[in-house]
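Paired with chain B in one complex and with chain C in the other, chain A is shared by the two complexes that follow.
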Partner chain A sequence: MGFFDIFLVEALVNGLLLGGVLALLALGLNLIFGVIDVAWICYAELVMFGMYAMYYFVIVFGLSYWVAAPMAIALIGVMGVLLHVLVIAPLLGTAPINQLLATGGVLFFLQSLATVAFGIDFRNLGIRLPTLEVAEVFVSYARLLAFGAALTGMLALWLFLTRTYTGTAIRAIAQDREIMALMGVDTRRVYVITSAVGGALAGLASCLLVLQYDVHPFVGLSFGPITFMICVMGGLGNMIGGFIAAFIFAEIISIGGLYLDLEWGYVFAFVFFIAMMFVRPEGLLARRS
Partner chain B sequence: MNAIPKGKAGLWAAAAAALVILPLAWGSPYPMHIMITILIWSFAYTSWSMMGRFGLVSLGHGGFMGVGAYVTALAWNNLGLSPWLGIPLGLLCAALLALVVAWPCFRFRITGHYFALVTLALSGIVLQVIVATRGLTGGSLGYTPDRVPGGSSIIAFQFTDKSTWYLIALAVWAMGLVIWYAVQHSMMRYALEAISEDEDAAAAAGVNVTAEKLKITVISAMMTALSGALYCQYQMFVSPDSVSGIAISLQMVFAVVVGGIYVALGPTIGAVITILLGEGLRIGFGPAAVGWDNLIYGLLLVIFIIFLPQGILGSIMSVWRRNTARAAA
Partner chain C sequence: MRLGRRLAGLGLAVAAAFGITFGADAQERKFKIGVIYDYSGPLAGGGSSLHGLGAKIMIDHFISKGPVEGYTIEAIYADAQSRPEVAINEAVRLVEQEKVDMLLGFFSSAQCVPVAGRVEQLGKFMWITTCISTAVLENRNYKFVFRPQAMGQHFGMTATDMIAAYSKEKFGKEPKDLRVAIIHEDGAYGVDVARGNEAGAKKHGLNVVLKEGYAATAPDLSALVTKLRRARPDVILHTGYNPDISLFLRQAREGGLKFGALVGHGAGYGVPEKLREALGKDLVGFFNVDPISIWETNQAALTPDLPPIVKMVGEAYDKAQPGNQRSPHVGMAASNVYLFLQHVLPRAIKAHGGVNAEALRKAALEIDFPEGGTMLGFGVKFAGDGAMAGQNERAAPVVIEYTANGADVVWPRSQAKRPPTLPLPAGNPYTTR
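Moving on, here comes the complex of A and B:
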């Protein structure tokens, strides 16, 4: 296999498209972290529930994909709010590690709830999107759609954060948690809104992932850890850093998977992550003090 | 606090004798199997709590357990190396892995949830390497150490007799508690407690922050690797999901938090509760119970962290101490 061949180009393009979805996943997590200073370990499990919601709406209730998607997004948004109100809010004053572990408990809970409620069968929507061929490079239409929707979602979030009053309050809280309460901002309300938006982003990601992957109770484990690493590598709470990190990760996985196995792609990505933590512990875009 | 009063010493000796003799006298295989499993996991959870109780929350211990189990089994099958040498080799590998990951972490002051996430990557790497090198390790199908003819051999560290395993597991578990107490009564404990309160202040007071944290991390990683090797030798089968990865790492955290992170027997209580709960559901409900045990674990973990962060044993002990202090006053 030559170094610059058509497979490499295809892997690069697929990596780019995978990067879009990973960036979207990282975006919601980063928003929650930047504003509430909590890492939702169970974020990927919310995505898993969104995928099941899509499956039930489309296959069991026979709704069209375009009707089901907003409903799934809203549903996961509500789950985000519930997670915040029931688990995070009582722990806000305690050590950050307690919040991390509590969401770890939620991870177990949601995974088993899915096992008990939906069984361990693999399910999919049965929608087969065609493959696009551009100059001998095969690109999955589902991935292209996911990439486009991921970029749109990110743009919408950016507009929300910079153009609306609530968005400004959210950004202000991310900068200084204590002061904003004194400035008359109801931090609890902002936290709830942020959780809803973070959940909705997980919901959007699930609508896109369900087109490419089968859903089963443990699907969260296959992209949960990698989403976390992307956020940490980009600098937790730093959305642009997370965005760049997502594409680097996706390319490593894609190209590693081309020359060896997909698992080796993941191994390289993880090793790269640990190496980067030593070079830039504060994240890709941080300035070393 | 340091010296155990005479009356108590007798009580401890009686408890230890009962632990050795009673199960052997009873001798029924299934309860014996449950006891061995509880002891091995208790030791693994104790190993995790060695670090966890000083605020060093690692989600990478599933990785150390996997290294201990797989290195021992691979050395036996491929090199013919007896587990008596293979286990130390596995422990050494785990210690090296711990050093490679932890040293830069501590050097660059990666603490709190950043540390948890870096170690999370570690358990992910070990899991993926085991799956990726499926030609050698059998991948996700799992791996079996070659059996010796006859089934039992001291050199191969394989025993068909459950009582032998019970005594081994009991001894290792007791060793874990001894290490716990040794740390409890050492200068290291004060240094690590100071570090977990405020690293800068501890450094200013002359504590070598990086060295102290590294010491406890390596101890904890090696103990965890030993539990993995024992688990593999006892079950004669390991799979990546049963000894490595994020699920096992979270399971350790869960059991320790439920039992009590700051008391010696907390992890043991956690193991007893989680294993009995899992087995009870399995016997009571059969295949319908699949998933329910983890559902209850997850719910309990959240409830415990919110309402009872000291864990069951920790809370009981602090109430008891408060009452005895009041009675004395």
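Moving on, here comes the complex of A and C:
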């Protein structure tokens, strides 16, 4: 086998599509951190609730996937607002570690709540999408959808942040929290809107992940840590940085896994993360001060 | 009069003394069992809670029958939360605070390995109903840890025995030409079964084209699928839990992976209703190595006391989970708990004077049942010393093949209902046909 073969192309494509999934997950988390300056450690658990919402809407209530998806997105958007109002807002003026611990507590709360409410069974929609084959390279439709949604989400978010008054206010607050309040901007309202958008992005991710993964109360463990690392590598709050980091991370996992043991792909990705923390601790796209 | 009063007083004192003695005796004659399974976390849905249910059905059955040789059974249940450190802490808590006489249960090999060492240190008796890793007992020389269950390497070698036996007849290839891939989750359980696969492949001269481990919580297995496509195996031997099995098979289907046979090894592959939910009819034709379901054993070949117990477990399960297909996991735990409560415990009390770890050990080592001596079909004889001290040397799994509505035993030939369908049937999206 030569170094370059069709399977390398397939691994590259797989890496690209996995990158789309991870980028989608990182998008909302980065938005929240960039604006409110709080890392939602429990972000993957919001995604888990979104996946449960999809399961109940589609399987239990018999709604079509396309009707269920906007409802799940809206529901998780509301959860994002509740998370902000009930947990984050009272802690905004406190030390960052308090906010981190609080959202960490919410993570365990949501896992336990899901266990009690939904049970421990693995559930899935049972939707089997067709396979796309192009020149002996197989592409997953579910992954392709996630990839497309990540790109669309990124574009929509960019348009929202740059072309709307609220988006401009959000960007302004991300640049300077104190001064914007002094200039008469209602920061609380902006925070609530940001939390709703961040939650909705988690909801969007859940609509796509539920096509690929079984949902159970601990499904967040598969994504939570890796999403957080991607956000840190891209520069917490830097959405483009997070987007690029997701693809770098995914390609290392995919190509490393092809040529070495699968686990080495993850080892290399984590080593790369640690190395980047030394070289560019502020993130991939951070400007040197 | 005074004498009468004195006699009455003496009588009261004697009665009181007896009363106290009876009370103390009643308190002492309690046999406390600490039961540990995962009732939360990913392993719970992967089969652990079903084992917990099987154990509970049997324990409740014995409690309802009344004391065993004068000892009232009391069970204290603990949740290992799918985490080894929690399993260790709960085991220690049950021994030190709840003062249990023994520990029973354990689904995950990753928990069994450290817990067994800790329980042995504490000088308590441990009865493993489920976890199969060879490493739990291998070269440990434990005195008080016993496992009636077949071990991981048995599982791995049973798969290769079947594949090698049918290589020429079904695949039209000599074993040396049959391409086999071994993939497994990288915990104690997966690694151990894969070792058995590898040893079995070596024994039969099968051509192992890929051996690969992965983390059960990995969010993506598409690189594994690509590697398998490159390796072009005729047979895939897979050991995993439930979420990773579904993810792998979903990505394998989307990735265009084709093979002639897929053999799973218990855990996630032993929960067919969940697999059917995720895979639908694609599951038909897949194999699973596991102890036989107690509802599938040849009842005529079992000792006469067992068929009514098999029936009782089935009815209790139907009551607990109405409408669900009877899970082999439930029967497995129930059978192994029955063996302890019906045979080991009474023998320890009667022949060895009590319920301490030494008495239970002696009783366990005396058990000598031929094939048909358990609801799972196999016999019982524990190794007292040597590399596998505490292991039931007569335990053996079977291979079942999933059908449209159930499953058939297809290996070993002595217990097979019919020969296996090899390669995968036409129409299955994974088939090479």
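The rule we apply is simple: the second predicted complex is superposed on the first by the 283 of 289 C-alpha atoms of A that agree within 3 Å, B and C clash if a C-alpha of one lies under 4 Å from a C-alpha of the other, contacts with A are read in each partner's own complex, and residues count from 1 in each chain.
Throughout what follows, contacts are C-beta pairs under 8 Å (C-beta built on N, C-alpha and C of every residue); 3 or more make two chains touch, one makes a residue touch a chain.
The shown structure was predicted, so the numbers you read here are calculated from the model rather than taken from an experiment.
A.B. asks: What does the overlay on chain A give for chain B and chain C, a clash or a fit?
C.D. replies: clash
A.B. asks: Could you say whether A:Leu258 touches chain B, chain C, both of them, or neither, answering first, second, both or neither?
C.D. replies: A:Leu258: touches chain C, not chain B.
A.B. asks: Based on the superposed arrangement, let me know which partner A:Thr115 touches: chain B (first), chain C (second), both, or neither?
C.D. replies: both
A.B. asks: With both complexes overlaid on chain A, does A:Ala205 touch chain B (first), chain C (second), both or neither?
C.D. replies: neither
A.B. asks: Counting only touches as set out at the top, which of chain B and chain C does A:Thr131 meet: first, second, both, neither?
C.D. replies: Second partner only.
A.B. asks: Determine, under the contact definition given at the top, whether A:Ile170 touches first (chain B), second (chain C), both, or neither.
C.D. replies: Neither: A:Ile170 stays clear of chain B and chain C.
A.B. asks: Between chain B and chain C, whom does A:Leu221 touch in the aligned arrangement: first, second, both, or neither?
C.D. replies: both
A.B. asks: Looking at A:Ile32 after the superposition, I want to know if it touches chain B, chain C, both of them or none. Which is it: first, second, both, neither?
C.D. replies: neither
A.B. asks: Between chain B (first) and chain C (second), which, if any, makes contact with A:Ala11: first, second, both or neither?
C.D. replies: Only chain C; A:Ala11 stays clear of chain B.
A.B. asks: Tell me the contact category for A:Tyr266 with respect to chain B and chain C: first, second, both or neither.
C.D. replies: So A:Tyr266 meets both chain B and chain C here.
A.B. asks: After the overlay on chain A, which stretch of chain C ends up in the same space as chain B: 43-51, 97-105 or 259-267?
C.D. replies: For chain C, the clashing option is 97-105.
A.B. asks: In the superposed view, which residues of chain A touch chain B and also chain C?
C.D. replies: Dual-contact residues (chain A): 112, 115, 120, 217, 221, 226, 261, 263, 266.
A.B. asks: Using the touch rule from the top, collect the residues of chain B that touch chain A in their complex.
C.D. replies: 55, 57, 101, 104-105, 108-110, 112-114, 116-118, 120-122, 124-125, 128-129, 131-132, 245-247, 250, 253-254, 257, 290-295, 297-302, 305-306, 309
A.B. asks: Spell out the part of chain A that touches chain B in their complex, as residue ranges.
C.D. replies: 39, 87, 90-91, 94-98, 100-102, 104-113, 115-116, 120, 217, 221, 224-226, 228-229, 232, 236, 260-261, 263-264, 266-267, 270-271, 273-274, 277-278, 281
A.B. asks: Could you please specify the touching residues of chain C with respect to chain A in the complex?
C.D. replies: Residue positions touching the partner: 39-42, 44-46, 49, 82, 186, 212-215, 217-224, 226-227, 229-230, 242-243, 246-247, 250-251, 253-256, 274, 277-278, 280.
A.B. asks: Can you name the residues of chain A that touch chain C in the complex?
C.D. replies: 1, 5, 7, 10-11, 14, 17-18, 21, 112, 115, 119-124, 126, 128-129, 131, 133, 138-143, 212-214, 216-219, 221-223, 226, 250, 253-258, 261-263, 265-266
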